[in-house]
């Protein structure tokens, strides 16, 4: 952490800050520049609330130097983490790109089984489907609940696909953790810290979606909560951010793929369905994500999008998925990977 | 809801959409314009997933017409809601502006009692203070928990200030609802729907903070969740949004005050501390909020901001609060209100 | 400027950066922390392209310390700049708040004269009105051009209001500078650097609108261009920024008022018309801006907004302006100013 | 355009709006829904200022239906536009992907010639390089001006690469148009309308960069200005948008590629250098853009990025460019194109 003093700071004011820095258990290193004085603070500064010092007189700003996360960082673990998922123990984070597909919500036995079969046939390694749905409106379809979990289990048994499903409340963690192959934390819950700690007590892989306005540090700190609670199997998922753009539901910032690769060992999965909001954009964003180095994709697929209970606009059909998987495989090979 | 067809849509494709509209229980009204056909859909469309229809062939876009919330809207209740809070039953949403002050987190008995006394003396009507803290980093101070609640109760007993404190998990709802005068739902939990439903089962007033990238509709739908669950006592709180601006922690969009007034009967409170992130900006934003028509303010006040365990940078001292309250009172009078 | 090295940087790599720092005419100060090495660079670093050094091996990031502007800053000039505008030499930036009103565009003699008279009667000190209009669409009304300038001059002669009008191209600078009392640089031209330099060669006051996604530094650097070219009479105008919010045309970030006060001596004017996009929000945002410390307001006023050639949605009528001015005066007094 | 009335609008108020609609030369179509009345307005509504009607009593909102651009749209021209650029008349917008590389600014004869030779050898079809530079700070390097143009011409003569260079003011249009193969309009000038009209009078291809907070409609309307002035040879270039993200200089929204493909016939080029701001992200974003369907890439390449006068952080070396081109070619083939 570096404290930048205002130009007219007196020696007394500088001393005051230095004393504060010592109080926080840090060593100081004062540098008098031509225009202003800066105080470098040495030590492990992750736990200090930088704002406190900002309030001292004549402090202009505080500049953090260290990343605030540890266990999620490359500093602690340099080799990429591979996470084995599903009955077939697919190694996510390795050379092969894992594609997970399925409806926004489990709606019926036929819907989920049909989708699962077609996803499997197309070459997917996982099946997504919500049993508990977080919905913006209290009047929207809220999911089938436990019944949905059972249908997912049935689909897995038949297809051997890894089941990815969301947990939205603490009270469901146990049953979801028991049933699912991958527990999904949705974007709205990325900073629901008690939930992060709860899934951190499981050993099931967790697909952690980035909040729609989370910074990179906040995203990795959310992962850190899970790892810190005991579960190292965290999969990072970018699903688009909220910006001024209105031709998309969210803006999909694919540069996060190389940015995460620079900072963390955790696998990175892209969700082009929420990341765009429109089915016609999903194929090109799948290919772009693979070309950019994603370890996996999670996309919405529904046998009858016009009648989907949710997210119809961004769901592709199983037939389109089949075609798309062939293209994904070609692009994967072009970047020395497989799908 | 209005469905806009693409220019080259055939009659068959239009008929297909009309049939879908009927399936969703809506009546259609087809208008053939010079460049394209639009289909107005009549009926209560709140429960329909608009995306489903967007996926039909040759649909260009779907334009919603109705606001998605009901009970929070002026259509259902035209007069402003007043909510009585605290031991002195202060009517928030009336002519008088209620100011709530206190530290980010309860840190010690002395800290909270001293702040409460000075806030009361300055003319505040409520005391804020977190016992359970949602923190971006697992390594940051997480609050005193139940002990913090007890200290808040003691401060209330002495000062008669209304206690406003946050609930971050379902398992704390009962004890917080019992102890607090106003239950706070933090910005990160604005779309934690099970939590909204849980506080909706209480009758205690709820201070609902806008999520940092929530739209107006999402904000009012979160209020709708609480009202729909049985609790009409919702106070809307703007605390700043995430934008590209970096000289503030968040951008405080005060135009939300007239915007909410046009749409809802619920009282509106502004948080200039999180809304800016810097103590030196708090006074002018308090005055601006009052001039713009806010019903209340909630701000962070700490007896020793340089040593605050959290949010030191945006906390004002009790002495500054005292001066500020005088200015707030003057501006309130200038807009025909009192503080 | 501070260069932060990656954790595993070797001594050779650190030496390489130090050599680069010297090449750029700066002195180095190397600090070896517990986790990584940082290199503080001393000297006047404003002219160095920080990116260059970022590209050296094992550099993690570059942190600028100095503000990039000089003459616009409080470091160079501590007392607030007052700028005398119009025939009556109103001192903008002093105790009195100057309100400028008028239509988006000059449309006709009657329209501009009527508006000018009513604005004067209401207590305004300036008349806005575009003769040359930058319009998003080539098919929209583009302004009356020179004819518009003449009508503005006539309105000034009758009312003694200061005329504020926009220049959108280099070829108009001379005639606009000759005729106008205040030359407006629109938001879209905030980084049209040749235009900034051109108005910098005049001595006429310049109202510089912040670009809709400009940072504070970029805004002040645009002012710096004008001052650096020889014209110190720059008025900073906030007119709203582009964010994800859709209930407003732009989000009006009033915290920029205290933020600018901390950094610059230049007067600050708020445009609540573009800053919201909706006439019903304009009154409360005027009052809020005054309460927050603005030196002036510029708002759109049209005698018949339903038939305005542009910006009808955000224009208030002269009758509403009259009422509004009374409220503005009351709030101004409450913050120890006048309007 | 559709006018949505508020719930309590009277028949008289509806009639008032209908009369206004007629005044604007449109036909009305009134639909009385269950909750509110909407008025569909038929006719070519592109030239109407929708805001005007919003100001009528009891109007809730105005919903535009038609896209505001014409000549840039697929409605007017269904087949993709191919634009022949440079001495070798490369068909941009066809099957082959055109890669343009070069420094941010022309700095010296050796720098630009060396870069051009290596870019040519790597398989690029164009050379970028600024002679006139728009710089945020008046103290930064502003380009070599006319001397820079001469050096670019020399590089073209030797390599036959198409020269792409920026024009920042009206007074340079003629000389840049004469010398360059492609005239670049920078992001800051996307809404500098007189400049758009000036390059619209040339027949030289124009590379139009999207403004950093421009909407899709504004982007296409800027292209419309150029086409409307007589020059159909417009190349659309996405270079990243401004968002809350801070790990990148700009957020690169690649979903704009399919979005533009749905709306316009113009070729689309991606700038991953400005689109990320960091050289280490450039390769993966090049591959992603190609996979997503871009027609071309424009990227910054400098023989000595550590000493670049501008944009060093986002420039790749010629050696890296050579490796990257091979990867681009592989991904291009995987999506049935060539590079």
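The chains carry the letters A, B, C and D, assigned in the order they are written, with residues numbered from 1 in each.
Basically, a residue touches a chain if its C-beta (ideal position, glycine included) is under 8 Å from a C-beta of that chain, and two chains touch if they have at least 3 such contacts.
Just so you know, these numbers come straight off a predicted model, no measurement behind them.
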item: Chain at maximum distance from chain C, centres defined as averaged CA atoms; value: A
item: Between B-C and A-C, the pair with more C-beta contacts; value: B-C
item: Whole-Å gap between the CA centroids of chain C and chain D; value: 26
item: Euclidean distance of C-alpha centroids - chain B vs chain C, Å; value: 31
item: Centre-of-Cα separation between chain C and chain A, whole angstrom; value: 38
item: Residue numbers of chain D (touch at least two other chains); value: 213, 242-244, 246
item: Parts of chain C lying in touch with chain B, wherever the complex brings them together; value: 213, 215-216, 241, 243-248, 251-259, 262, 275-276, 280-281, 283-285, 287-293, 327, 330-331, 333-335
item: Contact set on chain D toward chain C in their complex; value: 20, 23, 46-47, 49-56, 62, 68-69, 134-141, 168-171, 188-189, 191-194, 212-213, 217-218, 221, 224-225, 228-229, 242, 277-279, 305-315
item: Residue ranges of chain A touching chain C (in the complex, touch as defined); value: 2, 4, 7, 29, 31, 33-36, 38, 40, 42-44, 63, 65-66, 75, 242-244, 246
